[in-house]
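Think of it as A, B, C and D in the order they're written, each chain with its own count starting at 1.
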Amino acid sequence: MRRSRLARLKTGASTNSLGHDGAGVHNWRARTSVVERTRALCGLLLSERGEASGVALARNLITLYEAMDRASREAFFDRLARDFDPNPAAIARAAQKYQESPTPEAFLALSATVEAPRQELFRRINFAPGGTRTLVAMRGHLLEFLRSRPHLSSVEFDLKHLLGSWFNRGFLRLERIDWHTSAEVLEKLIQYEAVHEINGWPDLRRRLAKDRRCFGFFHPALPDEPLIFVEVALVRGQVAALEPLLDLNAPVTDPVTANTAVFYSINNCLKGLRGISFGSFLIKQVTEELRLEWAEIKRYITLSPLPDFARALREDGVNMGSTHFPRERLAWLLRDYAGALTRRAGCDDAVEALGRLLERPLDHRRVLAAPLSRLALVYLTQLKHDGTALDPVAQFHLANGARLERINPFANLRPYGLSRSFGVMANYRYLPGELEHNHERFLCGGEIAMAPKLKRDYEEMAAPEHGRVVIAAHPEAK
Amino acid sequence: MRRSRLARLKTGASTNSLGHDGAGVHNWRARTSVVERTRALCGLLLSERGEASGVALARNLITLYEAMDRASREAFFDRLARDFDPNPAAIARAAQKYQESPTPEAFLALSATVEAPRQELFRRINFAPGGTRTLVAMRGHLLEFLRSRPHLSSVEFDLKHLLGSWFNRGFLRLERIDWHTSAEVLEKLIQYEAVHEINGWPDLRRRLAKDRRCFGFFHPALPDEPLIFVEVALVRGQVAALEPLLDLNAPVTDPVTANTAVFYSINNCLKGLRGISFGSFLIKQVTEELRLEWAEIKRYITLSPLPDFARALREDGVNMGSTHFPRERLAWLLRDYAGALTRRAGCDDAVEALGRLLERPLDHRRVLAAPLSRLALVYLTQLKHDGTALDPVAQFHLANGARLERINPFANLRPYGLSRSFGVMANYRYLPGELEHNHERFLCGGEIAMAPKLKRDYEEMAAPEHGRVVIAAHPEAK
Amino acid sequence: MRRSRLARLKTGASTNSLGHDGAGVHNWRARTSVVERTRALCGLLLSERGEASGVALARNLITLYEAMDRASREAFFDRLARDFDPNPAAIARAAQKYQESPTPEAFLALSATVEAPRQELFRRINFAPGGTRTLVAMRGHLLEFLRSRPHLSSVEFDLKHLLGSWFNRGFLRLERIDWHTSAEVLEKLIQYEAVHEINGWPDLRRRLAKDRRCFGFFHPALPDEPLIFVEVALVRGQVAALEPLLDLNAPVTDPVTANTAVFYSINNCLKGLRGISFGSFLIKQVTEELRLEWAEIKRYITLSPLPDFARALREDGVNMGSTHFPRERLAWLLRDYAGALTRRAGCDDAVEALGRLLERPLDHRRVLAAPLSRLALVYLTQLKHDGTALDPVAQFHLANGARLERINPFANLRPYGLSRSFGVMANYRYLPGELEHNHERFLCGGEIAMAPKLKRDYEEMAAPEHGRVVIAAHPEAK
Amino acid sequence: MRRSRLARLKTGASTNSLGHDGAGVHNWRARTSVVERTRALCGLLLSERGEASGVALARNLITLYEAMDRASREAFFDRLARDFDPNPAAIARAAQKYQESPTPEAFLALSATVEAPRQELFRRINFAPGGTRTLVAMRGHLLEFLRSRPHLSSVEFDLKHLLGSWFNRGFLRLERIDWHTSAEVLEKLIQYEAVHEINGWPDLRRRLAKDRRCFGFFHPALPDEPLIFVEVALVRGQVAALEPLLDLNAPVTDPVTANTAVFYSINNCLKGLRGISFGSFLIKQVTEELRLEWAEIKRYITLSPLPDFARALREDGVNMGSTHFPRERLAWLLRDYAGALTRRAGCDDAVEALGRLLERPLDHRRVLAAPLSRLALVYLTQLKHDGTALDPVAQFHLANGARLERINPFANLRPYGLSRSFGVMANYRYLPGELEHNHERFLCGGEIAMAPKLKRDYEEMAAPEHGRVVIAAHPEAK
C-alpha cells in the first residue's frame, strides 16, 4: 500500500490530475497537490525507506521543489516549519529529566530532542545530485518570506546552521578566474557584480587582462558557481580614482612594474549563503597568493565605496543634517571651509551652502574636496551603539584588521557614486603584520586604525576643547 | 600581553623549555606543556582572535596535535570533555525558561545552549589545510579511549555528528580505481584491505586487471584517501569459491564475455569514520555504473564471509553447541545427515561426530558439505532480539535489500576461512527491482528474502510440527 | 669572439642602436638589423651551439620574429629562401653518383642533400616554448607573399611539409566546445566563424545551447587554438532553411526528441595550416561521437552554401550566361519554367526574365523556386576538367563520400546568401555505410551520389535525346 | 570487387583459412598470409581509399601488426624495403632533369621522387589511435634485424627521420614523477631503470621520497610512457658514494637543508626512439625546475658510472694493459704508487701488482684508491680519433657542457660497479653559466673542462718532459 502511494508520488511528480473548474481553483489545487506530494516525500525520506532509497527519493523531491512557484514554496516552507519542528512536549520532558539529573544520557536525550527533524531531512536531500544547490536555493527563497512570515525563521535557522557548517573555509577552493575560465563561470561574474557593474563581455575581458587578477572561492559541490569573488588591479602608485580601473580602453600594463594591488570590487554571489562570511578569508588568501606571485608588490589596498555617506548626511534626501550628523555638528565640522563654501554658494550658512553645492558637485570640485574629505573621515570613523562601524564597508574591512588609509574625494563620478556618496571613495590597507592587532583593538575597544597622515588630520580637526568624542561617536564615549 | 602569550604559544609549538630532572618528570612536563598549549590555542581559536587569525591558529593547533603521543591525546581529550562542554547551569536555566514559555526565542536559546562549544571549535580547526584529516584522525584516536574513559563519549558524539554531516553522500565522489590510479591511493588499498589480504603489488595488480573493477568513495577534502572501496570480478556464471578470484595467475578474461559481477570484498578505510555508513550507497552506485558500462551483465552478486559462523556453533571453541545453537537443536538440524556423519567419525552422536570431523574439515569435504550448508542457512537467517541478523555481513546486505542467493560450502579454504566459518561463504544478490521491497520487509517484519531454491531448502528442512520458529528465531515468533 | 657576437645578438633582441638620420632610413636600418640578427641566429641555431643552447637560441629567434613588421618578414623569408636552400652543386654531384651506382649509400647521400637545411632550422625553432605557434604564424605570413614573390614557394613547401607531418590526425584531439569551455577558446569561434557570422556572445551562447553541439580539433602544442570546428544542431525532421538555426531567440529544444544532426557550419581557423586537411576527419569523428551519445539520431546532414552559384550563372555580375552556363544551355534548362518566368518578368526571353527577377528574388519566391532548384542541381553536379566538382563545398562533401540529399531554394535570406547563391542551400548527407563507396565512385569515375528523389529529378530533366552529358559536364563524357 | 577484397582483408585480420598440412607449413602459410594481408592494407592505405577510410584501414593495419611474430615482422619489413622504396629509375630521370636545368620545378620533382612512399605510409598509420605507439614499436623491432639484414637500414632511416621530427623537444612535456603518479607509469620506471636496478616497489618508493626528485619527458601521443627519466637526490655536501643514495632505509631528510642536487641515474626508455636524443634537454630543464623550487641548491652534479673503465685497462679481462693503456703507459702512470702496490701484492712489477690487487679490490682499498683515481682521470679525459670521449657517459656530459668535477674511488661497491669500473664513479657538474662555453671548447677543440683541483692533479701528473699528449690522447696532438 505504501508502495503504491510512493509510485503515485513518483509519477505525480510530472503529471497533474486536475478538474475542469476555473483557473484559480485549478492553480490552488495544483499547488496544494505539489506541496502535499513534496511533504509526503519528505516524510518518506526521513523514514526507513529513506535509508534504502534515499538517493531516489531525494532526486524526486528536488525535481518537485524545482517545479514550485513562489506560492507553493511559501506553503511548503510552512509545512517544514510545522511538521518537521522539534516536539515541544518531548523537549519539555527531556529538559525536566535533565534538570532532575544532569547525566550524560539525559544530556544526549535532550540534545537529540532539540535538533529539529528537518535538519536530518535537509541532510538527506543532499544525497541526490544537485542537493546542495537546491538547499542553497531554498534558503535564498526562504529569506524572501522572513519579513512577512516570521515563524519561518526557525526553518531558516536550521538551513543556515547546516550551510554554515558545509561551506566551512576548509572546504572552499580559491581559484584564479581569468580568460581561461569557462564562460559558465565568467557569465556569473557579469551577473553577480553589484559594486561596479560589468557592461558585457568586452568590459569583463578588460577586467581579466594581465594587469588584473580575479579570484573566487568555490565549493566542490557547486563547481561552476563562484561563492564570492574579488577583482584586483596591479598598478604603480596611489589609486585615488575609480575611472582608470574601469576604463575598457586603458592600456594594459606589465604587472612586473606594479607595486600596489588594488582590491576594487568584492561581491558575494549566492543569496542562499547570505550571512555566511567568506570575505575576510578571501582577502587574506588573495593577499597571500599575490605576495607569492609578485614579490615587488608591497601595498595591498582597497578602493571602496561609502554606500551610505549621502544618506548619513541628509535625512530626507535634500537638506543637510540628520540624526548622525545634526546641523550644529555639521557646522562645527565645516568651520574651516565655511568661507569658501558660502562664497561659492552665495548664501550665508555653510551647511546650507554645502547642500546647494552638492546638488551639482562636479561643478564645484575644487571647493568641495576638502570639506567632503573631512566629513567622510568623520563618517567612516563613526560607530553605532553596538560598536560596529556606521558604514558597512568600513565595518567589514576594519573588522578584518585593515586600516583606513586614505579618503579620495571625487573618486567615483558615476551616477551611483555621486548620488550615494558625492563621489567619495576610501582606501583601506591590509598590512599583514598589523591585521591581528587592528582586528582586536577594533573589536574590543572600538579603536580604528588609520594611516599616520589621516590620523593627524583627524587629530588636528578636533580642537582640544571638543575632544575625540565629539568627532566620532565611539561607544566608550557614552 | 595577550599578544606575547600567543607568540609564546606559537614558538612553543616547536620548542620545549624543560628542566633537567629525570626523564619521567620531563615527559610529564612536556606532555602537560603540549596539552596546555593546545588547550590555550583552542580557547583563542574560539575567541574574537579566532575570527581574524582563524587559519593561522588552526594550523598551529593541528601541528601541536600531530606531535602528541597517546598519553597527551588522552589528556587533551579530557580537556575537550571538561572545558568545552555545554554549561549545565545554563542548560537548566534555558530549559526552565522554555518550559515556562515555549516561544521561538526560548527554543533558539535552548538550542544554542545545548550545542557544545567544542562543535564550533572543531569547525574552526577545519579552517586550516589538513583540518578535516586531523578531525578524522582525532575521532579515530578518541574511539580507542571510549572503553576506559566513558566520559569522553560526549566528545566523540560531537565529532561523529559533525563528520556525519560533512561526509554526507552528496559530497562524496565515486572513483574508479585501477592501474592508472596513483600509487598513493593504491598503497592504501593494500593497507586497508581487511577481508582478503592483498599480498603486495603483484596481487594488487591482478585485482585491478581488465576483468576486475574497483571503485571507492572519496571526499574532496581528502583527495588521496579512499573512504571505502569495493572489489568486483566480472565473470561468466556462478561464483561458488574464492580461490579463482584471488589467484594471481588466473588468466585475465575479456569482460565482454561476462554476465555476472561479483562483489568479493568491501572495506571501510578510516577508523575515524567508523559508524558513518557508506557501504549501501557504494554498492548501489557501483551496480549502476557497471550496468551502464556492461549491458550484458545481468547478475550483481556478492561472495561474502560468515565471520561468526564457527563461533555461533561452538561456544568454547571446541565442542559443538552454544547459546544460539544448543545441542538439541543442532541434533535436530543434523537429523538427515546423522548416519553419514557418525559412520565417518566413528562415534554414535551426530553432534559430536560433526565436531570431530570439523577438526580437519578438508579431509571430510564430501560428508560435511550438506550439513554445513544447512547449518549456515539457519545461521544466516537467525535474527537477534533487536531484529537485526545475527551475522553482521548478512545484516548489511539484507538491510540493503539484497536477497540471500546461495550457500557455498568449502568456498574459502584459506586458514581464516576455515577457522571462522569452516570454509562456508554466501552469495547475496542485488536485484535492482527488489531492493526497496526487500529492505522494507526486512526492517519492518524481519522477513529475509531468499532465492527460490534456498527458500525451498529452508521450508523442506522444517517439518510441519516444528514450524518456522524453531528454525530461525525471528523476533515475531516470541 | 663568437661568444660576444651572440651576446650582441641577444641583447640586440630588445634594443636598437640607431642613428639620427631620417625616419625612412632609420626604418630601413632597423629592419635590416632585425633581419640580419635573425638570420645570424638561424645560423647559430643550426651550428654546434644550437645543440647546447638550442632552446635559448630558438627563444630569442621567436622574440625577434614576433617583433618583425611585414617588410622585415619579407626580407627574412628571402634570406630563408636564399641562405638555407639545398646546394644545387651538391645535389648535382649526389645525383651524378647515384646515377652511376644506385647504392643505398648513394641514395642516403642524395636524400640528405635534397632536404633543405631550413627544415632542420624549423625543427630547432620548435625547441622553444611557442615554437609551433610561431612556425604556423610564419607560414600564414609567407602565404601572403607567394603571389608577388614566387621564389618563396620553396620555403612555403618546406613549412607545409613539416606542419602537415606535425598536425597529423593522430596527434589531434577532438574536443567538445560548449559553455564550459574557456572564454579564450570561445572568443576564437567568434573570430574564425566565416560561414555564418557570430554576432557576439549572446549569439555564441545560443549556438552552444543544449540542442546544439560544437566540436573542434586541437593540437597539444596549441591548447587554446581550435584548428577547425563544426557547429551542429540537433533537430527533428528536415532542415530546409537557415534562419531557424541562427535565430537567437529560437526556443531551446530537448535533444532527446531529435532525429537529425545538422552540420550547419564548418570553419578552418589558422591561415598557416591552409591546405592541410582536417575537415573530413572531423565530420566523421563527430558523426561517431553523436551516434554514441544519441542512438535516436539517424540522419547526419549538412546545410551548406553554394558559394559560387551566382557567379557561375552570370559572368559579368549582371546578365545571365557564362562559360559554365552559356545562354543556350540556360534556356534549355529553364524550358519547363519559361512561361511562368516570362509572364512574371514581362519580357519574352526566359533567360532574361530570370535575370530580371533575380534582381529582387524575395519578391518572386513562388515563381523562382523551381527554376533555381533545377539550376542549382545542375551547378552542383558540374565537374571541372580535373574531375573535381565546380562548387568547392560540393567537392569537399562529395569527396568525403556524402551524397547530395536535397536542394533548398530560399534557404538563406541573409544578404550574403542572396548575393552569392540567390538564397539556395544544399543538404549533403553522411550515411556511414555508403561513405567509402561514394568516395571511390566520385574520385575514380566522377559519379555523384544523390538521394533517390534528387536522382529522379535529375533524370527526368534530361530528355533522352539530350542525354546525361548535356546536363552536367562529367569528365567521362568527353 | 575491390570492396570485397577489403572485406576479406578486414575479416581476415582475426581469422585464418588454413589447410590441414603439417604445423610448419601451416605456420609458414599463416605468416605469409598475415604479411600479405598487411602489405595489401599498406597499399590500400596509400591509395585514394586511404583518404576516405584512412582511420579504419590504419586501425586494421595496427591490429595485424600487433599479432605478428618475429618472423612475420621480418618478412613485413622486407616488403616495406622492397615495395615502398623510392623508384631508382624515376630518381635517375629526375636527377637528370635537375642537372640539365636546376629550376624550382625540377627540384620539387626530385624532392618528391626521393622521399620513399613508406614515409607517407607511416604518417597514415598514425591516423588511428595507437599509431604512434605502433610506429615506435616497429622501429624497436626493426633495429633487431639491422645487423643480419642491412638492406632494412633504409626503412629504419625513414622511421628514425619521422620519429625524430615528431618527438621534437617542443612537443615533449616535462613531468614530475612521484608517489602521486599512476602505477602504470611507476611500473615503467622499475622496468626501464638500467643504471641502478630498482628492486620492487619499496625501493621505488624510497627513490620518490620527499628528499628525491624524479622527472621524465612525456609525449602527448604516449601519455603513460616516460621517454626518459632522471632520478635526483637532494643532499647536503659532497656525494662520493652510491650506497647512501640507494639505501632503502636511509632516513628521509628535509630538502630545505639541501645545497646539492645529485643526478644519480638517467635512463632512456623506448628502444624505438634509440638515437633520438632527449638527455641534454632533460638535464637542463630539470636543473631549471630545481632552481625555481629550491633557491638554496647551488650545486647540480651527477654521480656517474665509468662503464668501460675496467675493459679499457685490461684487454683480455685478466691482465692489465690494452690498446688504450699499453703496459708501458700504465707503468708510467703508476710510477708514484709503484712501491705501495708491489709491497702489498708481493711482486716486483707495479702493473702486475695492480692486476693482482684488483682481483679482490675491497681488501686493498687503502692502497688502490690513489692509483685508481689517477687511472680513471686519464681514462675519462681520453678522446677517440673522432674527437669524442672514450667513455660514453663522459661524452654525454662533456658534450652537454658539464665539467668533470671529482673522481670517487670505491663509490660503487655493487658487483656491477666493481666488475665494470673497480668501483670508481665520477661527478660531473652542471654550472649553468659555463655550459655553453664548455660545450663549444669540447666540441671544437676537444678541451675538457675540469674542476680546479682535478685540473691541478692532471697537470702535476704530467712531468714536463712527457707533455700533455702522453696523458690523454687528444686528437689535436697527433
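Throughout what follows, contacts are C-beta pairs under 8 Å (C-beta built on N, C-alpha and C of every residue); 3 or more make two chains touch, one makes a residue touch a chain.
Computed from a predicted structure; not experimentally measured.
Asker: In contact with chain C and with chain D at once: which chains are those? Just list them.
Answerer: Common neighbours, chain C/chain D: none found.
Asker: Taking each chain's centre as the mean of its CA atoms, which one is most distant from chain B?
Answerer: It is C whose centre lies farthest from that of chain B.
Asker: With chain centres defined as C-alpha means, what is the inter-centre distance between chain A and chain D in Å?
Answerer: From the centre of chain A to the centre of chain D is 62 Å.
Asker: How far is the middle of chain A from the middle of chain B, if each middle is the mean of its Cα atoms, in Å?
Answerer: Result: the chain centres lie 43 Å from each other.
Asker: Express in whole angstrom the distance between the two chain centres, defined as the mean CA positions of chain B and chain D.
Answerer: 52
Asker: Out of chain B, which residues touch more than one other chain, so two or more?
Answerer: Not one residue of chain B touches more than one other chain, so the list is empty.
Asker: Which of line, ring, star, complete and other names the graph you get from chains that touch?
Answerer: Drawn as a graph, the chains make one closed cycle, so a ring.
Asker: How do the chains pair up in terms of touching? List each pair.
Answerer: The list of touching pairs comes to A-B, A-C, B-D, C-D.
Asker: Which stretch or stretches of chain C touch chain A in the complex?
Answerer: Of all residues in chain C, those touching chain A are 179-184, 186-187, 200-201, 205, 224.
Asker: Taking the touch rule as given, give the residues of chain C at its contact with chain D in the complex, in rising order.
Answerer: The touching residues are 2-3, 48-49, 51-55, 86, 88, 91-92, 95-96, 98-99, 102, 104, 107-108, 110-111, 114-115, 123, 126-129, 131-132, 151, 153-154, 157, 162, 165-166, 168-171, 220-221, 280-281, 284, 399-401, 435-437, 439-440, 443-444.
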